[in-house]
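Order as written gives the chain letters A, B, C, D and E; numbering starts at 1 within each chain.
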Amino acid sequence: ETTSEATSSSAAETLEVTTVTVAHTQSSAPMNYVDENGESTGYEVSVLKAIDELLPQYEFEYVPTSDEDLLIGIESGKYDVGTKGAWYTEERAQKFIFPENYIGASSIGVLIRSEDAEEITDLESFAAAGKSLVPISPNNAQYNVIEDFNAEHPDTPIELTAADVFEIADAYTWLLEGRYDGYFAVKTAYEVNVLAEGAPYSQYKDDFSYFVYEALPTWPLFNKEQQQLADAYDEAFLQLEEDGTIDDLMIEFLGENTFQYVKE
Amino acid sequence: MLALKNIHKKFGELEVLKGVDIEVEKGDIVVILGPSGSGKTTLLRCINFLERADEGSLHFDEIQTEFSKASKKEINAVRKKSAFVFQNYGLFDNKTVLDNVTEGLIVGRKMPKKEAIETAIRALEKVGLSDRLAYYPSQLSGGQQQRVGIARALAVNPDVILFDEPTSALDPELVGEVLQVIRKLAEEGTTMVVVTHEMTFAKEVANRVIFMDQGVIVEEGTPEDIFGNPKEARTRGFLQRILARV
Amino acid sequence: MLALKNIHKKFGELEVLKGVDIEVEKGDIVVILGPSGSGKTTLLRCINFLERADEGSLHFDEIQTEFSKASKKEINAVRKKSAFVFQNYGLFDNKTVLDNVTEGLIVGRKMPKKEAIETAIRALEKVGLSDRLAYYPSQLSGGQQQRVGIARALAVNPDVILFDEPTSALDPELVGEVLQVIRKLAEEGTTMVVVTHEMTFAKEVANRVIFMDQGVIVEEGTPEDIFGNPKEARTRGFLQRILARV
Amino acid sequence: MNRPFDITYIWKAVPEILSGLGVTLQFLIGTIVIGGLLGFLATWARISGPKWLRAIVHGYIWIIRCTPSIVMMFLVFYGLPEVLLGAFDIDINSWNRLNFVVIALSLLFSAPCSEIMRSAYLAVAKVQREAALSIGLTEAQAFRRIVLPQALVSALPNLGNSFILLMKEGALAYTIGIVDIMGKGQLIIARNFGGYSIETYIALAAIYWLLTLAIEKAFKLAEDKLSAGKQPLRAA
Amino acid sequence: MTIDLPYVQEILILVLKGIPTTLRLTFIPLLIALPFAFLIAVARQRNVKVLARISQIYVSFIRGTPLIVQILVMYSLFPSLLNVLVKNWGLEYDVFGINPIYYAYIVFTLNTIAILSEVFRSALETVDKRQLEAALSIGLLPVQAYSRIVIPQALVAATPNLCNSTVNLLKSTSLAFLMSVQDITAIAKTEAAFGYNYLESYLVIFIVYIVLCSLVQVFFQLLEQRLSLYKRGRNITVKSENDKQPEYFEDVRKERYHAGIEEYS
């Protein structure tokens, strides 16, 4: 409803342009973040920017904010749409509109010590070996994945500890010193922190190994009143997928097309 | 010029003043005598509204009011016309000697700063303290503090000064000097109500003496009457025991 | 029993004590006279280590020390053997009259509670205040506070009591009573050093009088000597002006 | 220890972190002024207001002290515009978000601030006010010139605590997307996928400490000035 | 926007389980901090040479660095260091098995010491020097003079600020979730994440904090009233029977009464 009246006065002459407030999280690289110059960027934000190009009737305005504010804001109508790498649950679908098409997929997997690499190749073997996992924020998709995993494997659950978001790369050190055995991380983080040239942990490259578990599809969330906008999004998204823009952005921000890892 | 009628004051259930009447004429020096705890300080505090009397009326020049009902404006007016010398000195701890005295002039009476300082120094000279201008109260001896308190009250040149044992911490030499000052003030027309334990003081400067005990005025009269020919047994007892000692 | 030699004390640049010697025998009542600001309070405070003297030595029974070097143990020992009656009363604001007096007994001297209360009440009776046991200092008149201060010092039954103007807020009747108390204490062997402005007091109870001025002892002797036949011009001047008044 | 540490990164992070300094200072000063004023009024009401007002203010302080800062932030950010729009037809949705931060923090700050002032006021001896009145100062003058300076001496250390805590409240601003120095640090860390976090945090800590030292210095000066004439609680 | 009431009820029950943790995180650091804070305050107040300087740096550093940085140091770096040391000493102790709540205790204690030391320092400023002198002069040792005369008077000015600090501490313990400690906020947030019920969760957090903080406030209010009794003065009654007198006073009064000695009020 807050879709702005501000532009409606000038609307008479040309096409009626509606301003859309797009909230995104500011510190969830590579999906959504704020760059050195204070510009909103990241994979999901970039997709939305491309979509905006295709929708002349809308003009997107980006508001970087926190997870909590984003959710409350969309629900209350302060923001029309928001993106935070959210995954789908039934409960959430009652509060927000999930469009037909997910916007991206974050490929997650487990970082382990190389010495364990032979024994551990997937979550099942990780669980079976009784290994411990670095605490996860309940806000993260990973938390839910492990919960689901435990529900499916009641005999060999993985011990799951919740902790608030704590954006430090110390988890790599914790692995090395044996505090924990596995770090359920986004693949890009592993690449940037360990594999890349000049990465902080590049000297320990050989001590780590990584296996991809799956890619979780992530959705933008629309305010309940914004069905029309959600439909417009869906239409535009398909178009972008077709013309290869999505693929390009995936490569740019995530290094590869992660849709391939999505389990249906 | 100052008349108080039927002042009553209770602290909790303890009745400290039980109907006190006082009348003071312009230029009077009224001395209040009485044993410790008889309500002298409380009486002075009530006059200046530092304590709210429960009952009684006040007539002070054009101001006429009930204690229990006095408005802020009336209270301020009374305070502007009077000054109080505290039994425990009550100096401003955060101000120097000079600032203690100029405060009431510059802020209270809007006197220009320079004039205020001159006035203050004159008042401090009267009590022999013009060499301690920059000291803080905590750096003064008891007698020095008491004299600053006196100078502070003198400086604002009020119509009435209420003294609560102004010489208790002074050596006899200084008592004499302060007595001189008070006498001179009286000549200039300042009215004074003095609570004191110094009989000499009472005899020499008072033109009226009030003897209080247990919250009531037992007797009042000229110094000659009270000291020479006290009517009440309680007064006689009090004076006898003192004179027996001196 | 108490000997002080060559006490010097400076506050910043101001030298307040300029080499004071005092010797006090057991049972003595030494009265210190002197004009306001002459350093009397400072001297008493130095004896009790409330102020640290810059120079000088102290000999108190078996304690023998330099002021500037005294250890904590020595300081505590001196304080345990002495009591101080403050010019400004110095009552514990957060304690009732009774608790003010028992504090030094129960905590300082480890006396059983019941005995302490009995002792305290006796001391308070001596100064006529046993009807105010449950009052807080803020609820007392000036004279009442001063008497509690005296009772507090009496109660701990020290070897030496240092009085700083113990009667300044008292009416003459009470002065007489307090004087009695002090005299009786002396008979029981308590040593006392009393700063006072009450000449009568000095004449009647002292067995030695010290006249101080500007940080030095000008003259000392028996009351008869000092009052009857003062040698120094300054003493004569001080006494003359007083006697002229009385 | 297996812990990479790039000391030069600390220095590299400083300029970007400092670009948030303006925001930190803005909400800090804004809150001190508005919250301090609110706190002062609350103190005044509690000490010399009529009974009903005292009760209301007491309740206000009570509730504010119970409110977690994040809850207050959302109440102000979402509740206030609704209230103003509904009741007065004033639309503040387009306001700069910093304003909401300042309002939320001011409300939060006013309660402890008022308690600080109240306890400091009550600690000044009664006779100080009385003496001022007795020489003809009005209540207001007596308060401003005699009581207040003495009360401040004991209020300052506590106000110092509050100011420093307030300065570090950037996390609260971050929840509605206002980026102060703390926020800048977090953006940097997020952009690095958690890399160099220790280095970034060290830079942050250093900057905060410097600011704290500056605040402490100012308070020390004020304290020394105001406690002139006061004897420290110290036996010889 | 609607509030999902059954859900509120559901989390509320879950969150109640976090209350003991929250209380522990508040009161253990508080109680440990009190004596240390007081010592620092006295050292600074009396300007004890080296100690005052060190305390000042400590207070400034702890107050001046963000809590989140301290948590990082305590929760991440410190155990690593400890682990290396333990290994070097050849000990068989599992450093990483230590419950992180202990790190939370340490962080909150260090902070509380710094904050309270300033609270106490300011409170000591309000006590008149003469009170200390009087206590010493009747033969109390400095420790006794402080504990019996100075501190009770200082506490009057300190209580409202102690209350501020306690309430602040109570609310800031939610940061312990960074160290995976499950306090009330942690539980509420974890529950909220699944269905994005943040509104309801914050409502629950609010309710719980109102109750907890109110208890703290009631306690301190009563304490303040009790401690400042001497300022207002005891209610004077002519007959002492209604007076709340110290019980020993009452004993002696009765005894003396029965002994036929005059009654006093």
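By our rule, a residue touches a chain if its C-beta (ideal position, glycine included) is under 8 Å from a C-beta of that chain, and two chains touch if they have at least 3 such contacts.
Note that the structure is predicted; figures quoted are calculated from it, not measured.
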Reference subunit D; chain at largest CA-centroid distance: C
Longest centre-to-centre distance from subunit E, chain (CA-based): B
Gap in Å, rounded to a whole number, between the CA centres of subunit D and subunit A: 36
Rounded Å distance, subunit B centre to subunit D centre (Cα mean): 46
Geometric centre distance via CA averages, subunit D-subunit C, whole Å: 50
Between subunit B and subunit C, centroid-to-centroid distance (C-alpha), Å: 28
Contacts with two or more other chains, residues of subunit C listed in rising order: 49-50, 88, 139
Subunit E residues counted as touching two or more neighbouring chains: 72, 80, 128, 133, 136, 231, 233, 236
Residues of subunit A engaged with two or more neighbouring chains: 68, 72, 76, 168, 170, 173, 177
Parts of subunit D lying in touch with subunit A, wherever the complex brings them together: 1-4, 6, 16, 70, 74, 77-78, 93, 174-177, 179, 183, 186-187, 189-198, 201
Complex contact set, residues of subunit B against subunit C: 11, 33-37, 40-42, 87-88, 139-144, 147, 164-165, 168-176, 179, 197, 199-200, 238, 241-242, 244-246
Residue numbers on subunit A that touch subunit D, as the complex places them: 2, 26-30, 33-36, 38, 63-66, 68-69, 72-73, 76, 78, 167-171, 173, 176-177, 186, 188-189, 192-193, 199-201, 203-204, 207
Sites on subunit D touched by subunit E in the complex: 1, 3, 62-63, 65-71, 74, 112, 115-116, 118-120, 122-123, 125, 153-158, 160-162, 164-165, 168, 171, 182, 197-198, 201-202, 204-205, 208-209, 211-213, 216, 227, 230-235
Subunit A to subunit E touching residues, read off their complex: 68, 71-72, 75-77, 86, 89, 91-92, 94-96, 135, 137-139, 143-144, 161-164, 166, 168, 170, 173-174, 177-180
